[in-house]
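Per-chain residue numbering starts at 1, and chain names A, B, C, D, E and F are given in the order in which the chains are listed.
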């Protein structure tokens, strides 16, 4: 997927941006009011889908926690390809592909809705197309995750999306659970630039946002292969525990015996 | 894209269908009520998106008719591949691809929102995932088209979706305009089986549905290359004007001089 | 490769099946007689090919056992793709591809016909095209394997084919050797459904057929990653030793020290 | 498909050729006898398949001429890629692909065995693998075509195969019909080299073989785009009528009004 | 090929640009002197290759004009993909591909060096890697074309390269022939922006550069499908004759009877 | 990439070879003189590029050793595909691809010219196109490597090229350093045939050339998976230490503790 938007304005914001001189004189309140109505309708739709799935799982009964797929088709905060904007339906297709069967190695039956439910995608691209900026878009992602968490026993499994969505997702979990969480982050990169290429919401900056917001109690980054001076400084600044692959053998024992406390 | 659903129930309806014995005893009213809430929320979302786009085009002013993209990511009524369920975002990507520019051969500027606007996709797969059947789903497609038509000067350009959606789309146009319409149908197949492989909503039956519903005054099918006995009989039954490629040279003059009356 | 046959009759059986009303009144004996002549000719051809290869290897002399490739281009018993119907010539092409050389890691020279010979493919698709059903087709596979085994020192290495052919191949080996054999089956699935999607010869049922027929003394299934209740029950019923990957570390020592007795 | 054989002997003849010093001392008669048995068995198999198909078409009745597919998976006489050795099953798959339907533009129903039957492939690669050379192999192709023609009302439609098979196929037709035939050859090349890269049976020499054998009364080559001095001289020598694309407008009228006489 | 350079400096200029603060203090004269030596050596190499090819063609004798391939592997002035930077060797590979033969439709033998010779590529990427900017690079392209033209009877056929190279190539031809030339430009775009996305040497601005430089007497642009206001204004400003596809039928007669005068 | 040259003369040598009878009578001295001028100009160009890069690295200062990329686009000594003739620019593209960043696992910054510099490609194909044979071409490769080594602190990292270039590269290093070197050769094949398919410079013979020339003090070949009788005999003849994968566990300890002496 090409960076279509690079010629100028992102194509999803064309409506507002393109005939700029004309639209600049439009009453802002009108545009904003309309955008808010679209956002509200989007959240209502996600709430209703989560609610129906929650009701059904509860009616069947017996589930303590149900994985609930929530797709976030967002790719514009990637500094390279933007394919993640198209990813969620392809991921679902792979899950249900006829070449595999639905019993997991641990014996779980994925076709049982108490094991795996699906509340669909956030209409990310439609919201962007309406001219909504990333400040508000990221809040929509957070709100959507919370809406799913409100329906017991659903537990959201978010299908990205580029790595920028880690920020609104972790934020939602933290706010919903009532405090900072512990994160085990498996990645070759720390994604902790203050800003990457000037983008506050860059996929390479999501953990800077998470740490700044106080949404993490401990952040363990394991598997780092490519980190530069800024990555190390930001790690130190936020008290991140960074484990690089080149010293993995030394850390392995400790990492394999991590215990999840109080969660 | 594989026919995932062929193993049994379509995967979008798993929730309801999979643990059938359990769910059969669920109170139908509860399921249906939840589904209706999801459908209502979906239509509200489309209405709000169309409304905002319509408001903006009207504010800029000067547009008599604006193409409004409406995506219908639906593929399960295809008897072969179901890729159209994933098509609309790929079509948009091609439209805005950086390898082309945005001025058409006739000099129109596609970046002008008065020329081309976008109201996004109908959440078809999410609605199916909630267990909504095709009777109600097709109505959602019709209603969505009408919602776009309500926002002057938007004119919906529907991005499929397999050919089954011709039925709800034509139906919406006819109902909105107040009577049957004339259709120039360019295709190698007549898509007029009564049912194809038992499917009332098959992509090969959409024009049977259109004719039965009385949504077309004249139906001209041009370019037919593969038609069998049933196709011819159905054509005769509904008074369809079928022009096959093997006799195209004979019909060419007349077809090139078709005049659009009263529209 | 698409499941071409899903529209109705498998395309290889079209001749018999398509104009069903007409052909049903055809004298069965005539059709069956013709089919039997085709089957006999097919087996004769395989016998002659194996015989010539056997004669040559014996003439050169010095070989205790010679791998003899036998292709089985059969894919219709797969519940997903049917590509194995086209596989054997592609496998041969890979074996002799110019990017590799013909000396194995153990120093064997694959170009020496005493190491590797080839008796070609069973004409599976042609036999199916004649309207022969799977009962007789599977017997043709068994007979072909036996014909190769009759030519000392040839040892058939069967190139599939979907997994349904394990049944006729194991059956042939057992019948030829004069009793049930021990099988080390490396697979992520047990392929032991009584029937899969109603298919007695399904690629997912081949080991049920093998066990029912009494062709295995011991069946060790190693590497199982996806097994459901029926798989476990069938395993118990037939006395199969199933080793799953999730407990592999426990079983590893024993499995690495399996000894081949009396063979 | 790579030219696997270029390292030395074609891989299908390895058995005979590889350990040359050893095999050279083998009694030729033994090898030849075995090869002849394989060839006889191959022809018997084709005869039986054609016979059964012919019987069924005659039993249903009413067919004046039935297209009978005969595959010739042969590619080694190509001077470039050898993929045609794998082509016939892929061609059949395309014919029956679910993306198309089985009614032709002229209204023929391909599923009717009186319209289209299939007698399968000649086991070309197996015969080559036995060490049979092209002299005898080409005769097998000719004999196979004749065997199909003997079963009224079957008319062979040969699926190649590189262009070298035009020679044995035309030869068979001519011999069966009792005299030289008229050929309308549509191609960008004349394929009339005496030998191409030393190969008497080259795909670029097939029409030289046809003309030398006296199997054509008239040969019209239409569409020639690439012809050199040898091509023109050979054309003149054999009295071929060569129509090049660069002068097509001049010849078009005549070519469009060719009449088929006495056939 | 991705727009690698978009992260910051084009990678071919990294050496100079990357540690900017350090290099800025380097004595400019030293860098420039070294770059000039590289440019001189590049031109010497092209001169020697053209000279040898010219000598040989003249020695064989009898050629009035010989096509001489000159590759320009340059892609960074494209606003989309930059693949043309890798194109010339792929073009040559296609010319000599074994799937075609070397006689053209008009009977020319491409293997005759008097018909087609090759002087290789300009080392564009190496020159850029040394930090040479486009002002000087474009002069290298012009000089190279002239060097080939100096070797009678060679006529350069330039293999691009994105469309930005039209400018230095036309310039070279004009300067070498001693005056402005007539150009028949077949393209869907006029490539006549003053600057495209700020790039003076953009592939979309090459004909603006040609017209400004006075290198064209007449410029006929035929086949235009996508032109905007700036394209039309620039055309008018420079007296370009623009023929759009939408009115092609009107202009066809005249365009097919263009006569080449005085050339 | 196809073996284009197999039809006769390699296409890069067409000029000399094609009209053989004519050119044979050309004064050899003329051709050779021209070729020598082209070779000299090629080496001058490489010298100038290396010199400029060396000057800059020395000016910035502080580097003890700088990796200097040198591309050798040569593929005709491969016995299979010849794609390596096109490889170097693709390798560079991968190095700078936007999907990765430029900090290595060990913390090196690849964008720093003191870490990684680039002196471009040897114009291998242009030299071959001039009719220069492999004897002289291989010397050009050796000379080019030496030219890079002359610019302290540049250390050439040669980007191939098929494996035949190991010979001229090792030769250059040995000659430059003043004596035979120790080589740790990681490969599945020993590449030590006396000649492979008659080619003295074959990619499968490069280590035979290295050993014959006395350019290696010790040659350790580690990872051998496919070796035949000739490979073993050549190994013995030259005193090569060959470590095969099938006995790797035995040799592992020793190989992991190899110490680099006196280098």
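Here is the rule we go by: a contact is a pair of C-beta atoms (placed from the backbone, for glycine too) under 8 Å apart; a residue touches a chain by one contact, two chains touch by 3 or more.
All values reported here derive from a predicted model rather than from experimental measurement.
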item: Turning angle required so that chain A lies on chain E, C-alpha fit (0 to 180°, nearest 5); value: 180
item: Farthest-lying chain, centroid of Cα atoms versus that of chain C; value: E
item: Computed distance of Cα centres, chain F from chain C, in Å; value: 47
item: Chain centre separation in whole Å, for chain B relative to chain A (CA means); value: 32
item: Junction residues of chain E, two or more chains touched; value: 2-3, 6-7, 79-80, 98-99
item: Contact set on chain D toward chain C in their complex; value: 1-4, 6-7, 11, 14-16, 18-19, 22-23, 26, 30-31, 34-35, 37-38, 40-42, 44-45, 47-49, 51-53, 55-56, 59-60, 73, 85-86, 89-90, 92-93, 96-98, 111-113, 117-121, 123, 125-126, 129-130
item: Complex interface listing, chain A residues touching chain C; value: 98-101, 103-107, 109
item: Touch list for chain B against partner chain D, complex; value: 79-81, 189, 225-228, 244-246
